Every structure is written in structure tokens, then in C-alpha cells.
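These are the structures, in C-alpha cells.
Across the two complexes that follow, chain A remains constant while its partner is chain B and subsequently chain C.
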Partner chain A sequence: MKRTTFLSRFGLHATLAVLVVWSVLPFLWTFQTSIKFTRDVAAKEPVLWGYETTANAYRAFWLDADDVNMWSVLLYIAVVAVICIALGQIGRRMRHGWPWFASVALVIFAALWRFPKIWEANDEYDFLINSIVVTVLTMIISLSIGLLAGYGLARYTGISGAVILIIALGFRALPRTAFVLPYFFGAKEIDDWLTRTGVGSWNFPIIDFPGIDTLQILDTRLAIVLALVAVNQPFTIWMFRSFFMEVPKEIEEAAMMDGATRLQAFRKVIIPMMWPAIIATGLFTMLLAYNEYLFVRVLAPTEWTLPVAIVSLTGGESSRTITEAAAASVSITLPIVVVIILFQKHLVKGLGAGAVKG
Partner chain B sequence: MSTVTLDKLTKVYPNGFQAITDLSLTLSEGEFLVLVGPSGCGKSTALRMIAGLEDISSGDLYVGDRRLNDVPPKDRDIAMVFQSYALYPQMTVAENIGFPLKLRKVAKKDRLQQVEQAAQVLELTEQLGSKPSMLSGGQRQRVAMGRAIVRKPALFLMDEPLSNLDAKLRVQMRADIAAIQSDLGVTTFYVTHDQVEAMTMGERVAVIKDGVLQQVAPPEELYDHPDNVFVAAFIGSPSMNLYEAALSAASGGEYHLRLGDHRLAVSPSVVHTRPGLAQYVDKPLVVGIRPEDLEDAAVAPDHPSDQRISSKIEVREALGAETLMHFNIAAPTVDSGDPDALDELGEEDTGRCTARFSAATRARVGDHIEINVNTDHLHFFDPSTHKAIRS
Partner chain C sequence: MNRRTFWGFTVPSVAVMLLLMVFPLLTTVWLGFQKLLLRDLNNPEWIGFDNYRDLLSDPEFWAAFRFTMVFVAIVVPVTMVMGLCTALLLDRVGRGRSVYLAALLLPFIVTPVVGSLVYKDLFERGGLLAWLWEVITDNPFAVNSGNVKWLIIIQAIWNVMPFAMITFFAGLQTLPEERVEAAAIDGADFWRNLWHVTLPHLRVLILFVGLITTMDMYRVYDQVFVWTGNRFTDAHTLQVYNVRIATAFDIGRLGKGNAMAVLTVIGIFVVLIPFLWRSYKDQIAERV
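Now for the complex of A and B:
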């Protein structure tokens, strides 16, 4: 291991430095744009420092009032973050972490729910809620299916298992654009049928969906979630399968000898071993759902998620919307950055091979 | 604790491979039975069939009066120790050992107490709070044992539990496991490919080859009276020397064994105690010589001179209490059918021979020496069926 010379180490670090600048610079530029006044953004010569800062763009994007002090909003977010971090830290020290993480989720939910009641929120706020709902639902559904299917395919060695895997890989390899129109027309057909037969306007006696008058698929979060789950499923299945392949068969056999049913062995022994895999796969699924543009744009003409909302701002050449778009980009990136920082250890572990080996 | 009966157990895989053929065994209450065989002989499959991890193609399995063929593993009341230990990595030692009790919904207080007891028996008390990844190989092995003994099952299954340990620890754990087993008195079915383990641990040893049971007997009997060439060669280390030979009658009721160029006098009593041998006079047969039945003639000069062979020492291994000598005998060796055995079949018509000399021998590599053969202890086998010739 003595072979690392000064020169090779210097070269490595120089390369890494260039890569960091290369990937962070656009974000910094965007951030800078978001806190400038429009006159500086629109200046012929880029104003790189010494400009006056403002939170106007953030205010314009999120709030429906011009006279709100953005520091109070920032304070609100900071307080919520501190509470979440405190709960998370307690949870980490407890034998059972899940009640504490559930309370974190509850705090975030409450904070999101209170926010538009304290400040007058724009329509964009609904898009944030849409983003969160779509992301969380997509994660839950595709992780559940992926775990079960991946486990099954890892343990079943027959020919049909291989066929399913190859088909899944095939669907993964096809460009996603190829699926957009079929999904759209499929959803439209279903909606047409619902209207034609009148099923869509039925009043279901037991399941009464609040706020939904007519049943439909197009332009709902459901449509986006279903499409994203379908697109993402091959990836989660392959991911989980490769993780399950590394769990020795003896472990679940030992559990079965110890008196567990197959399902108990899976739930109580295998799943707890799989957390790094679940977190890694979950993060990838989250990124996919949170950042999706095309599917949302086509399947939901009005029920947008944030990426679509931003793009609608960059359409014109007006410099006012440019700062707003930059502010929006920064605000939707930050939650992802936080999540990645929190879970980056698991993410690396999950990506490295042999993570599950005892 | 109960008797275990395997009645003509057979395992045929979907691809037609027959792993186990008509395996019949009975384990009496509290018995320690070792199933031994070379790798790939189907011994683990047999164990997994008893455990319920493999389906039984035909035949019956009884524990006590209960037929277990279609009972799922969790309801068989059988505990198993795996070769890889298969500990649950995310649980502590205490949780690992207590897991079977937890699944049986034993109250937490009783559970902790029983885990504590098991840990005491296995000397794991100090490790109860650690995760398996922090333990040494021997400790992991004991945790796996703990998981098995904590629930007092009807039968223990052990699948090569010592093969991942280093040699010294293995010897110690061998004694520990045997002691724990006899303390608890639980019927135990132990699988290994190591014949030393089988001989030292088993009350009875079952030798299996290619899924067919060869012989079941207490270790001494297995060693002194092997039923066939395979058992003769497999049991004992270094293994028995096996050659094609011929027996012929000589004057005065004596017999001669022709072993290549060598002629060995065989006393009439040898033939009398093995009545079947009379039919093989002047016919080819297989003779087996245990290494300890060979001795340097210089060490024991009183041995009859017509029971000697001569050869040149090729390899010498001094072990302290004894010295192993390897030399060639001009006689064709016989393949015992053990796939694990090293290919020691030398050149045509000259077979390798291993002898266990007393440490007093002065012979060195390259010496031409005379070697005494204790002809009273020879083993004879049929050349075509490989079965022992006795009655």
C-alpha cells in the first residue's frame, strides 16, 4: 500500500476538485440567481458579487402576499427541522426506532398542513403536496412489490423466473418516452368508459372519497403513481433480487427450523437484514418520482408536481420568472439534499456489493 | 427425546438424480449417531430431509410414533445447527438464542432465564449483548448450538458444525459438543465428512456413499470389521492399504498370500476364523493392510521372517509418537471409490503403501528395509463385489 506517491494523490484530488466544481457550479449559479434582483439578473455583464440580495423570488413562488418577512418562514422551517432531528436522534438511541420515525413523519405532516394556514400560499403549494404524495405513494408501492418479487425471484430457480427477469430488463431498457402515450390513451379509454357507463359518477356507499365527485384516472395523482410504479418496477425487482441473492439460504432455513413460517422468516429475519438495500432502492425510487417531468406533464394536465410547475415558469423570456424559477429549483432541491445527507452512509453501503454478508 | 426411525428414505431430484436410496436407520433415545461420507454422497440431503427442508420422495420418517413426512419444519420439534451457523446478523447473541422461544411465545421473563441457562452451559454469558459479527468462530458456533439447545427439541441435527473452525478449536469443540449432548440426553444426528470426527464423537457411525448406506456400527467395530472396501479405506487415517492379491495353500496347512512379488505366510487360524475365505483359495481377492499392522523389521526382529516384505522408503513423516513411512509395493492397488481420496494409485502394478512405524525406527528415505506384516490382522474382500470375506 506504499505505492501512493504524492503525485498520484495530488492528481486524484485535483480530478475530484474539478468534478466537484463541475457538478456544483450550476447549482450555485441557480442559487445566486434566486437571491438577486431582476435588474442584476438581466444585466448585460453578469453581476457575480457585490449585488443586493432579496428573497422576493421565493416569496413570489410560494406565497400569495408581498409583505411577508421571509425570515419568519425560514424560522418556521428551521424549527420543524430541529424537532425532526431531535426526534430522529432519540429514535436512533432507542431499541425500537420506528415510533420515533413515525412521529417525525407526523411532525412534517403537521408542518405542511399548518403552513398555508399561517401564510397565504400560492397554487404552487398544492404542487408541493402533489409531489410529496406522489413520491411517498410510489415509494411504498414499488418497494413492497419489489421486495416480494425480488425475494421470490432470488429463491426460485426455475426457467419462468429467468423469463420474468429478462422481460423486466427489456422493459427497463426501452426508452420511457415509448410508454407515455400508451398510458395516456389507456387512461383516457378508462375515463371514457367511466363517463359512458356512468360508473364514474356513482356514489359508492362505503368508500366515499372526500373531495372527489367523479371517478377518473387522467389528471389525478393516482395516474402518475401507477405509471411511475410500472416504469420503476423492473429496477426495484432487479435491485432487491441481487440483494436477496446475497442472503444465505441457510438463514431463513435456520429461522424455519427455529419455528418460523416462511412468511415469519421473511418478516422477522430477512427484512431486518435488508435495511441498507431498502434504503438505497427507496432513495433511487424517490429521486425518480420526485424529479419526473414527462409522465406528469402528459398524464396530469392540471395536477402538476413541482418539476412541471418550474418548467412553466421558464417558458417565457421574462427575467422576473427566471429568478422565480431559480428560487423554485433551489427550494425543491434542498429536501432531496437533506435526505441524501441523512442516508448517504446507507446509500453507499447499499450500492457496494456484499452489504448483507454477515 | 424419542426414537427416530428412517424407513427406506429416498430422494430423487426433479432432474432424475437420485441423491439418497433406501436409507433405513433407527436412532434409539438419546443416541449420538454420526452419518459420515465423502463430499457429495448425499449425507446433507439426508439431514435436510429429516429437517423438512427437502421433500421426501419416498419412504417414511418417524420421530416417536409421529410420521413427519408432511409436517412443515417449524412443527417437527427438531433443532438444527448449520455448517455456516446461519446466525441472524442483526440480532444480539441473546436474541439469537431466544429467537426460537420468542416464536413459541414464551413469556419474556422465562425466555431470558432460559437464554441465560443455555449461555451458561455454553460459556457465552459475557457475549450475550454482542452481535454475531463481533464473535470468534468458536463463539459463533456455540451461539448456533445455543439456539438449538434452548428449546429442548426431540432431535438435534448437526450439519458439519465444526468444519469452519481451525484444527485446535475443532478438537476442543468436538469434546464440548459430545459432553453437552450426553448431559442433555437429546437424540442427535450428526453429519460430517471427517472420519476422525465420526469415530471420536459417534456412539454409532453410519457410513454412506453415493446415497447408499454402507455400514452402521460402533466406531471400533467399523474399524476392525469393515463390511466392504469403501468402509475399510474411508475409516482410519492414514487409510488402509488395499491390493489385488491371491491366496494359495502351502504344505502343512499353511497358506501363502501372493502380493505382487512378495509372499507372505498366513497362518491357518486366519482362514479358520473367516470360513468364507476357503472358497477364495487360488482365486484373486482384495487384501487390506492397516498401516499399524506394518512395522520396521529392525525394530521387531522376532517377527517370523516369512511374514515380511522389502521395499525402499520414499517419504518419511516423523510425528513424534510414531513415524509414517511411504513406500511402494509391486502389487496393483484397488480403488476404494472414495472421491476425496488422493490419487495415490502410483504406476501400474506398483502401489503406494503407508506404514505406521514406532518412533524407534532408524530407517531413512532411500533405505531398503524389511517390513514386518502382521498377517493375523489382514482384511480380505471379494474383488468384484468389494464385500468383506468373513463367513
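Now for the complex of A and C:
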């Protein structure tokens, strides 16, 4: 019923185009900076066209050697990406997609493992690995306990459920600073106790990971993961609860009439219906962990993740670090761009769900 | 679901929240009464309300307080109006909507510190906007303690506007077509339609976005820290001030930092308690 003239449509798209420029201009500029030579970056008048491009900044940020042909690195990444996309597409078309998705994870793991064996990687590569480990662990722990609690809170009608939900809502509004200082102090106290009693240097067969000889909390990825899981819990349980509320009770009741226990009904009947919710909540958890800055900076003075590594780069003022910081910014943003493109629908739905129900 | 099954399902999550949220908050209150230095963590000393007295007589605390208030008072309304306008525009787009959405969402979900860094690049020496400024006004542009506040505010708007946009956009999707049509038949033009149909429909969402954005801007840390570091103390928000006094190398005073955190929590709950109470009532009503 909306009749639009050409002129109004033009105006609409023109306005939106201006907004898009306002949104992405900083990223475009940073991308430009990251592929320029230092002399062009330092030029008094910005060089917008026809400059010579280089991958020096990327090489300097990620690799230890300065004679590596960056095209070969790009080729490596492209091949891995193509394999992953192909496997993912096959998985989406299959009735049981999970072996294909699992193999995507395996391919990524293998690629990350091989990379430093082919090229000599910098410390920043370790920070990338830290980022990935922290993000994946946070997602797994946070989502599994969140799913259980969200289900319980959606189905239970007692007062204690409402109390938990409201307290969680209150926690959701609190700043990181209210938690980071006691976390730091507590972790320090535990570490002191571990050293004092000697427990920290015991040899536990289970946690005897290579490269870890003393047990400690501060300055480990574990500390970051625990902190992130905790501050993410309120959001996760509210999100899952609102999705579970949409699933009619009758579905699991029918399964339970057929002799399934509640846990079986939950696992076999409810969870398979919840994948969109798990993906949406997982995306936000992923962004939270991947983007975290303050917790890492305070709780892990050397076990950095990428955001801290990037901020530390910009302490200096020379234009060499400007290009390097730009390359770092582009590198850390690219995965997020991929996520938006692949999961835009889930992101929008997740934001909408949080809003409409919360 | 009976009580035992309920606790079976919720215990892991509740345990995490008790151990890593309730307990740390109590620790914060306790630490707020201690004299505790970062370089000497083993000798806390009870000093009562001295940390609070110290804070409230610190001019930098009041500077941070003032800037945070100004910051929230500007960013929240501007973000909401811009978000609503953008959502209304997006709602009229047929083809190409997802391309616009992807581009417009980017500032919101990019790593906050990186968002600030790339924005800052535009204003650095040799940056695009710094150069434009120089061309237009004939003065060189440099980030200084005077303009950094405005840059922080503009960048924050850039950063959080997509949240308002996407929430309002989701709300507009649920607006029943019939009501718009009925209003159109009654001869309502765009503005009357907006005022009498669209805005009332979005009322709850407007409240929601306002509340969330206010909270998020009140506790903003990452974005501001990238702009200021430990310099430009005038442009520190409360959280940046808080982390600085607690963890700055050598002068870190953990006790004072915790006292500050307690004040922040009290400040937030004063605003939040009416909303929490209302949600609680809703929850109870929903259950019966």
C-alpha cells in the first residue's frame, strides 16, 4: 500500500548511505593505513589514491621474520577459509550436520597448529591463541550452565525463581569495576595460599599440562574464563529463559508421558528445538569474550588476549606503530565482520528477543 | 516442575553467581573499609570510612562525576533519536536491507577498544578528519584536553547508536499493518501516524533502550580509556577514575578503589530499584 516516488526512494537511500559512511568510515581509513608505506602515512596531506600498497604492517605484527612473502600467508588463510566454507555448506544441507561442523573445527585447529611451524610467529600469535581459547571455553561453560538454569527458570513457578531472575537482572547492570578488584584480590589470596602450603607445586596427574608446573589463578586464561562466565551468567539465563518460555510445556510433557525422564525429555526433545536460541546467545557470549579488555588487563598481566595487545601497541607515537596498530585492528575486526555476514539474522533476532522480553 | 528438579537445573548457574558475584561484592564492601596498597597486598588495615572521606574530597572524583553526568545526558538522548530515525528509514527499505544492517551494526559489535582506536586514527596527525579540519579552519588539529571530551562523546554515539536502531527496528517489525492502514484511512499523515501509532507501540522499547543505554554509558570504561590513557584526567569517566586509583602503577590504592566501586553500585541501584521492583511484580503476576 506504500506508494513511493522515485525521488523519495532516492532520498531514503541517500540518507542511509550517509549513515553507512558515518558507521564504516573509521574502518575504511584504518584499512587504508594498514596497507600503506610509512612515508604515505606520515605525509602531511592524506594520500587517498594511487599509493603503493604493502603488507609490511601485517608482517611486523604477526611474524618474527621480515622476509616472508605475505601472499603465501594469505593463500594459506584463503585455502583454510574455502575448506571451512565448503564443509559448513555441506553440513547445512545434511540432516545430521554435526560431523561436518566438527570437521570445520578440526580444520581450524589444525591450521592454527601448523601456522607457527611454517612461519615464525610473534608473541601476538600466542595472544590470538589465548583469545580463541578464552572465547571457546567461555562459550562452552557459560552456555551449558545457562541452558540448564534458563530451562529451570522458565518452567518453575515458585517464588525463588523470580527472586533469582531479579537478582540476576540487578547484577547485569553492575560495572566490571565492581568485580574486577575483588577478583584480583581473591585470586592473589588463593595464589599466596597455594605457594605457602605448597599445593600449587603438587603434581596432579589430571592437570599436569605441558608447560604448566605450578598451579595458580592470577595471570592464567582460567582466571579470565571464570570472570567472563560469571559476568555473562545473568544475560545468558535471561536470554535462554525467554526462548524456553516460547516452547509449550505440552511438548516435554508428552515425552514424559511416554516414559522419558525430565532430563531425557530436555536433552532429546527440547534442546534440538533450541538451536536458534543457542546460536544467538552463543554469538553474544562470543563477542563478550573476544572483546574483553579490562578483566584481561587486570587479571592477566602477561597472558594477554588480542584487545590488550593492540592497546599496548599504541603507546608509542611513531608512524611505524600507527601502521602496525592499524594492521592489528583490521586483523582483529575481520573475524567479527565474517560473523556479522554469516549470522546477521541470529544477531538481529537475539537483540530483538532480549529487548521484547527483557 | 517441582522444587527439587528446579534446583537440580539451576544449581550450577546459581553457584557461579553466588561464588563469583555475591561473594566478590561482599568482599568489595569489606575492602572498601581497608587501607590496602597495590604494592603491599598482605597488610590490610581497618580504617573505617576514611576511603570514602578521601574520595568525596578528591576534586578528580568530582570532575569524573561531572563529566560522566554530562556524557550520559548527551549520549543517551542523541543515540535514541538517531536510532529511532535510522530504524524508521530502514523499515521503509525493501531490497538491500541486510547490507545496510550489516554496515550499520559494525560499530556496535566491534571490539570496543578497537572501535575507539580506529575512530581516534581519524583525528591523529595525518588522519583524514584532522586534515579536513586543517583545510577548513586553517588551524592544525590535535587531540588535547579541551576537545577530547567532545571526541569521546561523538565516538560513544557512533558506538551505541546501532543498539537503539536494531531494537527499535525489531519493534517496528511487530507493528500490526492494520493499525497503520486504519490511521492512513482516517487521513493521518506521516507525523501524526508516528505520534499516535508508532511511538505508543514502541513505548516499552523506548524505556528499555533508555535504561540499558544509560547503564552502559554510566559504566563505560574501554572506549574512554583508549582516548585518555592516564592523561587528560578531566575527561575520565567514573570507571576510568576508579580503575586508575586502584591499579595505577605504584600509587594503586585497592581500598579506595573498592570504596569507589561500592559508591558506583549504590548509585546504580538507586536508579534501578524501581524497575527491578516492577519486574519482580511482573514475574509474580506471570507465575500465578
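Throughout what follows, the second predicted complex is superposed on the first by the 329 of 358 C-alpha atoms of A that agree within 3 Å, B and C clash if a C-alpha of one lies under 4 Å from a C-alpha of the other, contacts with A are read in each partner's own complex, and residues count from 1 in each chain.
What we mean here is this: contacts are C-beta pairs under 8 Å (C-beta built on N, C-alpha and C of every residue); 3 or more make two chains touch, one makes a residue touch a chain.
Quantities reported herein were computed from a predicted structural model and do not represent experimental measurements.
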Review point. Since both structures carry chain A, what do chain B and chain C do when superposed there: clash or fit?
Key: fit
Practice item. Classify the contacts of A:Val199 with the two partner chains as first (chain B alone), second (chain C alone), both, or neither. Key: neither
**Study point:** chain B versus chain C as contact partner of A:Tyr290, first or second or both or neither
**Key:** second
Exercise for review: For A:Pro26, decide between first (touching chain B), second (touching chain C), both and neither.
Suggested key: second
Check your understanding: Between chain B (first) and chain C (second), which does A:Ala65 come into contact with in this model arrangement: first, second, both, or neither?
Key -> neither
Practice item. Could you tell me if A:Ala255 is touching chain B, chain C, both of them or neither one (first, second, both, neither)? Key: first
**Study point:** Partner contacting more residues of chain A (chain B vs chain C)
**Key:** C
Check your understanding: For A:Ala178, is the partner it touches chain B (first), chain C (second), both, or none of the two (neither)?
Key -> second
Check your understanding: If you stack the two complexes on chain A, which partner ends up touching A:Ile159: first (chain B), second (chain C), both, or neither?
Key -> second
Review point. A:Glu45 contacts which: chain B (first), chain C (second), both, neither?
Key: second
Study note, to complete from the structure: In the superposed arrangement the C-alpha centres of chain B and chain C open, at the centre of chain A, an angle in degrees to the nearest 10 of 80
**Study point:** Lowest inter-chain C-alpha distance for chain C and chain B in the superposed arrangement, angstrom
**Key:** 9
Exercise for review: Take the contacts of chain A with chain B and those with chain C, and give the residues found in both.
Suggested key: 358
**Study point:** Complex contacts: residues of chain B adjacent to chain A
**Key:** 51-53, 72-74, 78-80, 82-84, 86-90, 99-100, 103-104, 132-133, 147, 151, 157
Check your understanding: Given the complex with chain A, which residues does chain C contribute to the contact?
Key -> 1, 3, 5-10, 12-14, 16-17, 19-21, 24-25, 27-28, 31, 36, 41-42, 86, 89-90, 92-93, 96, 98, 100-107, 109-115, 117-119, 121-122, 124, 126-128, 131, 158, 162-163, 166-167, 169-171, 173-174, 181, 184, 205, 208-209, 215, 218-219, 221-222, 225-226, 239, 242-243, 246-247, 254, 257-258, 260-262, 264-265, 268-269, 272, 276, 279-280, 283-284, 287-288
Exercise for review: Sort out for me which residues of chain A touch chain C in the complex.
Suggested key: 1-2, 4, 12-13, 15-16, 19-20, 22-27, 29-30, 33, 41-46, 145-146, 148-149, 151-153, 155-171, 173-186, 188, 192, 226-227, 229-231, 233-234, 236-237, 262, 287, 290-291, 293-294, 298, 306-307, 310-311, 314, 319, 322, 325-326, 329, 332-333, 336-337, 339-341, 344, 347-348, 351-352, 355-356, 358
**Study point:** Contact footprint of chain B on chain A as seen in their complex
**Key:** 248, 250-251, 253-261, 264, 269, 272-273, 358
